Amino acid sequence: MPLTEADIQVQLSRRRPGQSDLTTPRDEKDKVTILSGTEKGYTLGTPIAMTVANQDQRPHDYGEMDYYPRPSHADWTYLQKYGIKASSGGGRSSARETIGRVAAAGIAEKYLQLTHNVEIVAFVASIGNVSMEPMTGYGTPEEEPAWLARWNKWWKTLKTVTRKDVDSNEVRCPDTQIAGRMRERIVAARDAHDSVGGTVVCVIRNVPAGLGEPCFDKLEAKLAHAMLSIPATKGFEIGSGFAGTDIPGHVHNDPFILRDGRMGTATNFSGGVQGGITNGEDIYFKVAFKPAATIGQAQATATYEGVDGTLAAKGRHDPSVLPRAVPIVESMAALVIMDALLQQLGRQGARALLPEDSNIPGVLVGKPPKQLQSEVVATEVKQADGTHIIDVVKP
Amino acid sequence: MPLTEADIQVQLSRRRPGQSDLTTPRDEKDKVTILSGTEKGYTLGTPIAMTVANQDQRPHDYGEMDYYPRPSHADWTYLQKYGIKASSGGGRSSARETIGRVAAAGIAEKYLQLTHNVEIVAFVASIGNVSMEPMTGYGTPEEEPAWLARWNKWWKTLKTVTRKDVDSNEVRCPDTQIAGRMRERIVAARDAHDSVGGTVVCVIRNVPAGLGEPCFDKLEAKLAHAMLSIPATKGFEIGSGFAGTDIPGHVHNDPFILRDGRMGTATNFSGGVQGGITNGEDIYFKVAFKPAATIGQAQATATYEGVDGTLAAKGRHDPSVLPRAVPIVESMAALVIMDALLQQLGRQGARALLPEDSNIPGVLVGKPPKQLQSEVVATEVKQADGTHIIDVVKP
Amino acid sequence: MPLTEADIQVQLSRRRPGQSDLTTPRDEKDKVTILSGTEKGYTLGTPIAMTVANQDQRPHDYGEMDYYPRPSHADWTYLQKYGIKASSGGGRSSARETIGRVAAAGIAEKYLQLTHNVEIVAFVASIGNVSMEPMTGYGTPEEEPAWLARWNKWWKTLKTVTRKDVDSNEVRCPDTQIAGRMRERIVAARDAHDSVGGTVVCVIRNVPAGLGEPCFDKLEAKLAHAMLSIPATKGFEIGSGFAGTDIPGHVHNDPFILRDGRMGTATNFSGGVQGGITNGEDIYFKVAFKPAATIGQAQATATYEGVDGTLAAKGRHDPSVLPRAVPIVESMAALVIMDALLQQLGRQGARALLPEDSNIPGVLVGKPPKQLQSEVVATEVKQADGTHIIDVVKP
Amino acid sequence: MPLTEADIQVQLSRRRPGQSDLTTPRDEKDKVTILSGTEKGYTLGTPIAMTVANQDQRPHDYGEMDYYPRPSHADWTYLQKYGIKASSGGGRSSARETIGRVAAAGIAEKYLQLTHNVEIVAFVASIGNVSMEPMTGYGTPEEEPAWLARWNKWWKTLKTVTRKDVDSNEVRCPDTQIAGRMRERIVAARDAHDSVGGTVVCVIRNVPAGLGEPCFDKLEAKLAHAMLSIPATKGFEIGSGFAGTDIPGHVHNDPFILRDGRMGTATNFSGGVQGGITNGEDIYFKVAFKPAATIGQAQATATYEGVDGTLAAKGRHDPSVLPRAVPIVESMAALVIMDALLQQLGRQGARALLPEDSNIPGVLVGKPPKQLQSEVVATEVKQADGTHIIDVVKP
């Protein structure tokens, strides 16, 4: 497929530090170079190697920080694991490691866009307790209509939000009013030499049905794996998520419906995945990021040998990683979808080569005998807000 | 290692349906037989094959259910994926598939127990909106002490809860008072031919430091993968999880402390994992289960060809899968820890064979030069409730 | 795809012991049962589990043989590896393990036959020094015509040999005259309570071009891996093999030629693979089997603790494993081709989804500019024996 | 472990072109740089990235060679596989790709040497029909003593040959007399604008017993895979190899013997591997290399579209790849042994953690009951030439 460095650079630049006063002041250029695997702007099928040079390699002065394990960092666990650690403490546990993920995902995203018009849009949904998404619990049957209306509004947001909306402000929250309050929360943390966490929501549109493996490699399992592999993440939920645990089964089930000539579901509490396999509806999920471990305040800790002390980070740090996490979440999502698509394409390709078989029993391919075919026409009703309600009438 | 079928059977029996009036009335025996890989009660190092015969294989009458894709089941997505489906709809997407996981985990659990005294205890933490864990958000600095006290109480529960506590009632919630209210919630769902979701919390104790790979296969990523591969799960969080997004960084960081002669952390918002690698503290996480998709009520759906209709499940079904999910969550946790341990043992074994090297610079192994070694003694304070507070005083 | 036990049984029965007086007298039925993954004679896309029950499980009397490591068997190395061994010595190192391979390959073979009409035919090419293939070295340029004629005859055999030819005698050598001499050699070994080795040649026809990965997983590397994983194998060669080391480069290179409307090669010293990737020509290779380690003669050996002794096998044994190795070689070949095909189908499927691109430079897709296109017509000459000679004349 | 670029450079320099008038005149420096994974001369446990810059990147003039698929090269099969190819024809199929393998193996070799004193020595055993190893077939029982003496001599060579012996001449054959004749054979090919193949033999000493997996990943299978993945290879044999097919079983079996305080085998037709698992004896194998496909003579071929033509390579080429193949064979061998060792260390580490168990039945660990223990002392006889003969006398 056609591929140049410009394709890769877009998301790398969104990930780069120093984009606003909310992020670390380092001005890393993060410019990618393709070393192999392409010629004259086309991929050759062979491995693609890329490098992003570190523009900020200053000679390291060994100091206190190299001898104290920083609280809630990986310094101590790395030493436990390997019996040795990079002198700088962070080494490969630095979030700078995610550059490689974002670069690789640039290729996946381009392929998904070219072949399926897949759209992946992530945004900051909350900073501390400032949230875009004031969902309350299901409550009582009487409260159901209002509660469902909130979900419908949320699904509409997910269906329409664009990266342009997201990048309209430096917090990367598409609701500009709430973005303002989020900005205040981050600035307060920065001024207190503290940090603050939050959540990123991501929606993936136009994914074909049939992706994801049925048992251990369910699509949601691979998404969860990918998201929890991003530094500083603590949680993942898909579709109705934790809130779904309180929704009655008869409400939570997503009825099938014929829409725009193909099968879909009238609601989407499943989040686009059923039994681990995509159903063609929008996939959406949320990721929790803890407050960054690096803060400017003095903190209690101990040396690697267990002697107490205090440690104050002198380095550069973000008061909140959330705005820069947005392209990383999108990138890991692209890699998961690409991976699942390739697995399914092998299977589909193998099936397509088999000779036609007209003897296959209808019950194995969902072809009901005549007498079971109802004669009702679909009674789907498009709502004013763009959502669909299915009205069930059987003759 | 020594291994017999009895070792495997314990958790299989906890997973079995028909244990109480809250679960499906099928009385499947679920008795395991080891086919290969052991002799005279010892594993031989070669693959272990086990079978659990299905005691309940009744001839299947093809009916409506085989032609309608059941809402929020995998019937339709399987057909999309494979171009064919089992006539029974569920096929391998049936939760009965988890028997294999529980059987395999019996071996892992026995090994972990024999070698590290690892304890894995899961329990039902909520059913619908009935929850053991009424944590509220962090709130203001003034509210911090009360809020921290709730966390300390929770950590104490996690540190001490046993499987015996969990099995003291049929809901598998160790707080018997709340278990009673959970039972009422499940019975209400059953009587309404409906279903209800909930959460399972799991704690893993005595895991050695150093497990988990630093980048894509962080331990939390593998746990998330494993948990989201269990049917009906919608969310995963570790340590402070989603609640942690609102905790200030300086509170959320877990200070290092020398405890019982080895390094530990004074608090445990990290959930026992830092930078993807275990630090030796308790690992704890929570998993969200949606309400079961199979309900007795009539539901709107469409045929595989898009013609509308209604469908009422005639089969047997649980109003809540939560009590039976407990051993499944424990089993997947055991498999993840076992897998990570084997990876680390290979690495440690390789390191152990290298000749001693006295020239390795101190900064690479956390050995500070003399002048950086503080002279304060550790000022850790054991609280009445068993938790630890570190008091930071540097001379 | 359609699949029943009968599809699997064919090769299992060819592998079975007790087929003639040349093989072990055990009459194992080796009847396969499909446990899962099919319904009504069709595969469901989900894993296929099969069992072959052991009809010959006699209670094992522990004796001398359990305490002496049998020479050139795996008894001792298993104990070194696992610290434990099956009491019967062989355990999983018994060649009975290959039943699973043959059963699995039945599915692969059926798929390859249905979709590409792939033909896989193996046969016994030598027993001891009785060989079908009296190739001598390349020799001098003067000897080249006679030498090339022998290769042409050999390629013709490979192009036409069928399983029916192979099964025309119990030795499984398609040249019945030589088969008679092979039989004599095996009978002599049997009568001397000794064993004899030999070679199996295998040809794979109708494999599409493009299979095999270019670097570590070259098709010949995967074939070599598969063949050397069969018990008792000591060597593998593809195409011209060891004999090819003495052929001059200008003779060994296979010229491209347009044949039957598609590109092929005029000779086939490459064995159907170039740069690790199939070129559509016949793949052929040879596998060396050592004399079976189990013999009836008394042999010197030592106990596991190093005390000398003698050991005479009391069990049943084949004087030559070659005839029964034929379906095993075919099976491993089928698995390798299937595996490579699935990998390539994923890649091709991914490429097929990309939009057409008319801008791709000709030099990247082998489209020469006008002035380089020669005007000669192909001067290929079909020989009487069916082989092709390319006559190179450029205007 | 300690690691610097100097450790890697040694074998890279042996692989480099331009070492003598027998190899291509390109003077590539092939200087390696470590980019990541080490600090202050120690590996950090994290991935090690290395680069070797191409010193010889001349602008490519597109010409005839880019439009004709070179005979027995990968140009055409790459195009079939990927639908696109590097304009230079070779792309990643160039043998230059093996630099990465040799660099990686530098790390493995250093580790194996530090921890087990593993020695890996390969050498050129034949060029065309000039061979170090004039083994004839087993022949008759009367000829056995002379034949066995040749094997004993060969085993002695394998036991003692060093890299210094190998590098004593530019052909890399430790027998300098034969090396002279090999040189003549290569020069003849060079002068005829032709190429010539040959064989490389490799011996691996001091490998611990227990490496290699028992079924699909037998050590010989992994070695065969590795060797056949080297460009231009056509065959592999281990131990007695193809010659072993004609040795009677009672001669071919390697009797166990107590030697230097540990179990070994009196002969070594097995080549150090039994049942796929190392037994601690020397591992030796042979690899066949075809004559290089690139020759200076004009050759018949066709365009990618099937139009005939002739092609003469204008580039630089080796008349024989054998001398430079020596470090590549050693490198792949090091990678296979390292890989197998890491797998086994994980298993051994896991076993070592289990508590002692005194109840394990003797028959599972090769501990015979008293009455079976013979009282003969070992009757091994050291021969004048250093080999061992076991004399079997049981009281």
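First chain written, first letter: the chains are A, B, C and D, and each begins at residue 1.
Assume a contact is a pair of C-beta atoms (placed from the backbone, for glycine too) under 8 Å apart; a residue touches a chain by one contact, two chains touch by 3 or more.
Being a predicted model, the structure only gives us computed values, none of them experimental.
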Neighbouring chains common to subunit A and subunit D, by label: B, C
Copies subunit B and subunit A - interface residue numbers shared by over half, same or different: same
Distance between chain centroids, defined by C-alpha means - subunit A, subunit B (Å): 22
Whole-Å gap between the CA centroids of subunit A and subunit C: 47
Subunit C: positions in contact with at least two other chains: 39-40, 42, 44-46, 78, 81-87, 92, 214, 347, 360-361, 364
Residues of subunit A touching subunit C in the complex: 1-2, 39-40, 42, 44-46, 111, 114-116, 214, 341-343, 345-350, 353-355, 357, 360-361, 364
Residues of subunit A touching subunit D in the complex: 39-40, 42-47, 78, 81-87, 91-92
